[in-house]
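One chain, chain A, links the two complexes that follow: it is found with chain B in the first and with chain C in the second.
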Partner chain A sequence: MSERAELLLAIADDELVLGWRDSEWTGIAPFLEEDVAFSSIAQNEIGHARALYQLAAQELGTTADELAFDRKPEEYRCSELVELRLPEWERTIARHVLYEEADQARLEQLKASDDAELASLAAKIDREEAYHRMHAQMWADRLRDEPRFVTALKELRPLIDTRNGHTPEFTELWEQMTEVRRSQPAGTTW
Partner chain B sequence: MVAEEQVWEALAEIPDPEIPVISLVELGVIRGVEVEDGRVRIDFTPTFLGCPAVEVMQTAMAERIRELGAEPEVRVLTDDSWSTDRITPEGREKLREAGFAPPAPREAGAPTLVQLQSQAFRCPYCGSNDTTLENIFGPTPCRSLRYCRSCRQPFEQFKTI
Partner chain C sequence: MIYEVFRQERKGQAFQHAGSIEAPDEQFAKSYAREQYGRRGESTALWIAPREALHPIEDFVDELNRNYHRVDGYPLKEKLKEARERASRAAAGDR
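So, the complex of A and B:
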């Protein structure tokens, strides 16, 4: 696999898995505005994953859906940060803050890439992510002096770049994420 | 033989699935139309990449082209060359009339929370600038929620992209 395809898959996997994790707040966030916010952020992240998978799929001769849902768990390249199920609000916010920060740095690099197609997609994603960053910043400001939030930041920060193998929580998520497609015989048209 | 103008007219009749007061042409998401030997190619950009209406819009466009007796090809462009600045003046007016504040113009840098929290956004109902940000996010990816303190009406603000 080319370096480009590997990079696209790593980012797409991050966005897909984070999108699933964020969507776990739908219906149960601490208050309605955050229910709406996390549902919308989840939808955006999965949209970014789709566009990135599509770009990789053109190169690899496959489809976005096959890349998203038909690979084995060990083939995913997402970071451990996005894999964790974080039902505690302060830890979810800590992940959100850390992820948006790292994602912004990554998008800045991609926007400057010689690969025009990738640079332009990164620019579009970045315009959408600007709203996620605002949301993360707003929460970081609110929770800045909250000890549980500070601890969560410290605890989760090293996981951003941890991509060797997966957490058991990822395997569970993979089961859920791919269940419908795995339940049908190979070659099913969706 | 289908003419390009007929295609644009047909597309102008397709409402946005989520904000049906405005057509796909007014929304500015149709980037180009090419007609060649009974085939019609439409280049189209979603407002947000995660927009759940993308496929509905693609299908609606393809159906209209087939009704004109041509073979459609709808390409989805995911580049950064589209912005909410492309919403037509008529489209902006229709949005406002329906209670959606149209997007602010795109600037070189990304919008900031300070801007969104400022009073630069006008209420589509009473025109007052005394509005506050309630939620950066709304019922669809392309909208935020605001509240007008003057007429005490919540409203939706189209995000700038």
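So, the complex of A and C:
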């Protein structure tokens, strides 16, 4: 697999898995307005994943759906940071803040890429991520002095670049994520 | 804190009340307003104001029933009809 395809898959996997984890707050976020906002962020991340998978799929001769849902758990390249199930709001926000920070640096690099397709997709994604960053920043400002938030930041920061292997929580998530696809009767197509 | 949100659908149009949102401060209010009233391209602009900043007026006293102050209190229709009849009679008399 080309370096480009590997990179696309790593980012797409991050966005898909994070989108999935963030969506776990739908209906149970701390208050209604935040529920709407955070669910929308989750949806955006999955949208970004779709666009990135599509670009990779063109190169690999497959489809976005197959890349998203038909690979084995060990074939995913997402970071451990996005894999964790974080049912505590302050830890979810800490992850959100750390992810947006890392994602911004990554998008800046991609925007400067010689690969025009990649650069233009990165620019498009970045325009939406700007609002995610605003959202992350306002929560970071608000929780800045909250010890549980500070601890969570410290605890999660080292996980950003861990991409060797997966957490046990990822396997569980993969089961859920791919359940519908795997239930497809043999010989039929979606 | 409750914030009232007003939205403008198209440039040049009047702003209309969109709804209200609850948010801990102005920064959150802006973010949530954008999310709820601007994300689907349904607005060209939003106004956000804390509910306390609005001054409601709800008492409109009309003790003496001065309905001539109101457009609906002055029945123009009848008068117009009479005037038209008079005019057509006058026109017929001319011939």
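In this text, the second predicted complex is superposed on the first by the 186 of 190 C-alpha atoms of A that agree within 3 Å, B and C clash if a C-alpha of one lies under 4 Å from a C-alpha of the other, contacts with A are read in each partner's own complex, and residues count from 1 in each chain.
We take it that contacts are C-beta pairs under 8 Å (C-beta built on N, C-alpha and C of every residue); 3 or more make two chains touch, one makes a residue touch a chain.
None of the values given here were measured: they were computed from a predicted structure.
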item: Clash-or-fit label for the pair chain B, chain C on chain A; value: clash
item: Partner touching more residues of chain A, whether chain B or chain C; value: B
item: First (chain B), second (chain C), both or neither touched by A:Arg142; value: second
item: Partner chain(s) touched by A:Asp114 [first = chain B, second = chain C, both, neither]; value: neither
item: First, second, both or neither for A:Val36, with chain B first and chain C second; value: both
item: Touching partner for A:Met134 - first (chain B), second (chain C), both, neither; value: both
item: Contacts of A:Glu3 with chain B and chain C, given as first, second, both or neither; value: neither
item: Superposition clash, chain B against chain C - the stretch among 24-32, 60-68, 78-86 or 96-104 that is involved; value: 96-104
item: Chain B and chain C footprints on chain A, overlapping residues; value: 33, 36-37, 40, 131, 134-135, 138
item: Residue ranges of chain C in contact with chain A within the complex; value: 21-25, 27-28, 31-32, 34-36, 39
item: Residue ranges of chain A in contact with chain B within the complex; value: 33, 36-37, 39-41, 43-48, 50-51, 54, 117, 120-121, 123-128, 130-131, 133-135, 137-138
item: Of chain A, residues touching chain C in the complex; value: 31-34, 36-37, 40, 131, 134-135, 138, 141-142
item: Residues on chain B engaged by chain A in the complex (per definition of touch); value: 48-52, 78-83, 110-113, 116, 134-141, 145, 159, 161
